[in-house]
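Quick heads-up: structures coming right below.
The following pair of complexes shares a single chain, chain A, combined with chain B in the former and chain C in the latter.
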Partner chain A sequence: MQTVANIVVLAAIYALIGSGYVLIYRVSRVLNLAQGELMMLVAYLLFSLATLFGGHPASALAGAVLLSLLVGFVLYVVLMRRMTGELVIAAVLVTIALGILLRGLMVLVWTGQMQRPLEKLGWQNPPVALGQGVAMSSVALATIFFAIAIYVALFVFFRYTAWGVRMRAVGENPLLAAQRGIKLHVAYAMAWALATFTGGCAGMLLALDSGLDGTMAIVGLKAFPVVLVGGLDSLRGAVVGAIVVATAEVLAIQLIDPLVSDVVPFVVLIAMLAVRPWGLFGTEEEIQRV
Partner chain B sequence: MAYASGYFKTDYAMELRLIETRWQKVSAALFFLALAVFPLAAPQFAIGIANQVFIAIVGAAALMLLTGYAGQISLGHAGLLAAGALTTGILFKELGATFWISLPASAAVGAALGLLFGLPSLRLKGLYLAITTLALHFVVAFIGGEYETRRGFSTGILVNPPALGGFALQEQQHWYFVLLAIAAAAMLFCINLLRSRTGRALMAIRDHDIVAESLGIPVRRYKLLIFVVSSTMTSVAGCLLAYYRGFVSIEAFSLYLTIDYVAMVIIGGLGSMLGVVLGALFVITFPYVIEGLLRILPIPAGIANEIFAINYAAFGLVMILFLVFEPLGLVGIWRRVRNYFLLWPYRQTAVGGGGG
Partner chain C sequence: MTMKRNQVMLAVVLGALVSAPPAAALAADSYVLGLTGDLTGRDSANSGAVADGIRIYFDRVNRAGGINGHKVEVVVRDNQSEPSRAATDAQTFVNNEDLLLMITASLSSTYAPTISESKRKGVPVLFAGGVCPREVFPPSPDPLLFCTSGYAAETDVKFAVDYIQSVQANATLGLISMAIPISRGSLDQAAAYAKGKGMKVIGHESAPPPTANYTPYATKLKESGADWVLSWAPWVTQVKTFEALRQLGWKGRFISYGHNVAEEELKRIKDPGFLVFTTNAMFSDGQPVHKDVLGAAEGKTKFPPTYLNEGWVAAMVLESALKKAGWPANRAKLASAMSELSVDLRGLRGGPITWSKANHYRQQLFYRVYGWDGAGNRIKTLQDWTSREVK
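Right, the complex of A and B next:
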């Protein structure tokens, strides 16, 4: 049972990070490989805010959430907007370069040392017993809760709100969407803001649970097979992909060797790309050559 | 022979010449003379940088063939370099193999891996191909790391300097000439490959795969071929890297090395062999330039200590600037400057929206 609990926690984290990849890809067909660095940035922002408002954890959290939306928005307006109309791969390379830039800046500002935002917020992280000998930390429990809440919110947003429908339309066919009067740049900017927010939530929760240092960006990269397994443009797929990859990873750690944990998601990814490149729930794109 | 108005090709032999006019002959001769004199005059550390540039040229030329000319995007370059370096390290450590065994062995491993990396390209294109090669990079890195831990070399493998006919390569100056020759050979190979039927087929595939297929170009075969050629060269570069550094550790072949090489190709200018040289020179010297600047500029000591972080940030920034403002890279800048002087006092204007 503990294994199942571990899988669920890991899947929740992967699903949260994965939703960031999916949001941006679905709306603008850009794969944001700086997602790991962005979630790290939001976690560091939380850390700084927690240091700033020592006594008010809620305001620090709210501030970090607002800043994450702002960071995503500004990134689009300042940087990614210039890449519209360029080759997709050029845009992807820009996100890689952005990741390097952010990583360097973060080390400069916050040093590479392990930071613990949880202590700064003045909170504890006691393990919670769930019966039958299963236990998980309170933050892990919160992670599962937030993953479900955010996915429900995203579902409602895309299904029932005007901007959600508009963003889907932009993802479907930007030209037609623009002709119907939808402001493309606003839709793209919203996708970036939302993606930074969901990724940032994952970053903050991870940092609260296990501390914050330079290795977090690797978690972000490991989450990216998740979205490919599920289908790059499907939020539903990201959940399924998260469960598949998390199961494979946890089982491989238990049955084979803890060292393989870094490579298992990528093996799953290669297997998926060989069989069904567009993923379980993705739309079949024109990705095949001759 | 002087030509009254321009340079005309009057027979097939002239068509095949690499260096055409007398002016080009003179400048090429001067260039090689400068390269030959350089190690005699330059300080030791400058020769070291030049050596790194030569190795990078071999690796970057391989990536340029693949990405710049055949249009196949690969993010697995560090994995292939690692394969070459590890093959060398393992052969040396386990069997005590010499340079003349390690080099072809690395090339063979590279060719085999090239086949493996190339297989997905038969089905996938663009972004998905890039992702597959990225995943393969992680697999290679994992296998290398496993080998190092299992065999107890987790700190890395030391490799003795290679002996070329009883002459051990240790001095930077000696390395310089060997690596210069190898880099020049690699460049010559690529340039000639690109002038051939194969090169034209590759460019046709890059520009439009369906048209290429309907023209009768066997697209799959050429894709696999270029993956194998490119990986072999990359693996050889990895082997040289192992010998040159005298040390192999999988840690050195992280995703950032891939990004370094992709940056060389992009900053240099996609689809140009001159871009390979410029890009390799730029990316390799970049950290040294930053370090030098930091020493000159008055910067608080606390920040100056984080030199690698500054490198990262500056590197990311430069790459973004190139991608956003100068997608043609250094070659694009060079061409614009050259055209400005060639056409002076007239101005070059874009024709048909093509851009300068």
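Right, the complex of A and C next:
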């Protein structure tokens, strides 16, 4: 049973990170390879706010959430907007450069040493016994809760709100959407803001659970196979991909060899690319276009 | 108008050239050392603190008049633990004829280009804070390579296994490494050594760097029945596995190598079951040298001063070597001085660093085991300095 709990926690982390990749790709067809750095940036922002508002954790968390939305929005307006109309590969390369830049800046500002935002917030992370000998940390339990809550919120947003429907329309056919009066740049900026927020949530929760250092960006990149397995333009696919990859990874640790766990997500990915290159829930047309 | 502006700019440039002191003239009056370190890369928490320790130490030496009446100038370059950057740094350093020695404070992946450049131009290299390369160990070390870093994989893990056995003869031992060759290899050696001593070894988990969640590795260690876990790995793997084990309700004891962050981490974790073995004395010992470091470092580093021990040790050794090399010094004289050197570390470690022509690491390693005293709410020494001969 503990193995199942481990799979669920890892899947929740991957699903949260993966949602960021999907949101931007689905709306703008840009693969954001700075997703790991953005989640790390938000985690560091939480750390700084927690240091500033140590006695008021709610203020620090609310501030970090708002800043995550703002960072994504500003990045689009200042940087990615200029890539509109350019080749998709050029935009992808810009996100790689952005990631390198952010990584360097974060070390300069926060150094490479391990930071502990949980302690700055004045919180503890006690284990939670779930019965039958299964236990997990409080933050791990919160990660599962937030992953579910965020996916439900995204589902409601895209299905039932005007801007959600507009963003879907922009993703499906930007030209037609523009002709119908939808402001493309607003939709793209919202996608970047939402993606930074969801990835940032993953970063904050990881940092609260086990600390924060410069390696978090690589964890963000490790979630990349998740979205390719699930389908780059499908949020549902990101959830299923997260469960598939997390299951393969945890079972490899448990049953084969821990060393294999690093390779397993990519084995799953290669198998998926061979059988169904557009992923479990991705759109066939889209992947052919890529 | 344009001509006038050009004339003004020319005057400014000429003025700057005339008024700026020539670098060679400055260098001629001082001992010039080059440090290539990971200041903003993935090992910056460790290597950056080493660089800060060296910088702060020589600032103090210079304020007190320098060495043999000459100041020490440390030229620092950031290699981010990237081999290509380290190669560029090393080329720049060896081509500076005034530079006497290179200091390397970064991951071992940067060593090859540095060593290659060092040999090309006969520049001695001191490895500080990172793992010591094979070329410094006895019986035939490279005449240009030296190391002050506290840890030595094989000797370290053997000491830890012996310690565990001395505390609990029938311990069931689990091992956790990071999936990098040096960490994994050293714990494979630990497993073989422990088995040879009749201990029960139930498994060796190896977590990739980095890992989103250490609980699956901890689950396996817990379920296999380990009552002791030994780790010799980068700090992140050690502490995150321990914390994941505790989250699962594991009650055993965990012993790990005490990197520079260990002292602050012991104070944070406050768990009597979390032990560190180390070659560096902790600042909680409160020795005069620790007070010196704390005083000198105040406001001069982004790191907690307790991180500075490795850099401080390296700088103490370099100060002794430069004193011995005299003035004027050159690369060959300095290498020669370093190859017969003994430095009293004034309590920063359990004994001196002694180099000879046959050993550029040290003759003896001294280990201490620290843990958390729950009742006294402080760090306590669980086993005092124990020496191991380096063969």
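Everything below uses one rule, namely that the second predicted complex is superposed on the first by the 285 of 290 C-alpha atoms of A that agree within 3 Å, B and C clash if a C-alpha of one lies under 4 Å from a C-alpha of the other, contacts with A are read in each partner's own complex, and residues count from 1 in each chain.
Everything below uses one rule, namely that a contact is a pair of C-beta atoms (placed from the backbone, for glycine too) under 8 Å apart; a residue touches a chain by one contact, two chains touch by 3 or more.
Just so it is clear, the structure is predicted and the values come from calculations on it, not from any experiment.
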Ask   = A:104 contacts which: chain B (first), chain C (second), both, neither?
value = both
Task = Kindly classify A:273 by the partners it touches after superposition: chain B alone (first), chain C alone (second), both, or neither?
result = first
Ask   = First (chain B), second (chain C), both or neither: which does A:259 touch?
value = both
Message = I'd like to know which partner A:116 touches here: chain B for first, chain C for second, both or neither.
response = second
Message = Going by the contact rule set out at the top, does A:164 touch chain B (first), chain C (second), both, or neither?
response = neither
Query = Now for A:219: first (chain B), second (chain C), both, or neither, which partner does it touch?
reply = second
Key: Touching both chain C and chain B, counted on chain A across the two superposed complexes   = 104, 107-108, 111-112, 259, 262
Ask   = Okay, in this complex, where on chain A does chain C touch?
value = 2-3, 6, 9-10, 13-14, 104, 107-108, 111-114, 116, 119, 125, 127, 129, 135-137, 140, 206, 210-211, 213-216, 218-219, 222, 249-250, 253-254, 258-259, 261-262
Remark   = Touching chain A in the complex, chain C uses residues 40-45, 48-49, 179, 205-217, 219-220, 223, 235-236, 239-240, 243-244, 246-249, 261, 268, 302-303, 307
Query = Can you list the chain A residues touching chain B in their complex?
reply = 31, 79, 82-83, 86, 88-90, 92-94, 96-105, 107-108, 111-112, 221, 225, 228, 259-260, 262-263, 266-267, 269-270, 273-274, 277, 287-290
Remark   = Listed in rising order, the residues of chain B that touch chain A in the complex are 73, 120-128, 130-132, 134-136, 138-139, 142, 145-146, 149, 209-210, 212-213, 219-220, 255-256, 259, 262-263, 266, 303, 306, 308-317, 319-320, 323-324, 327
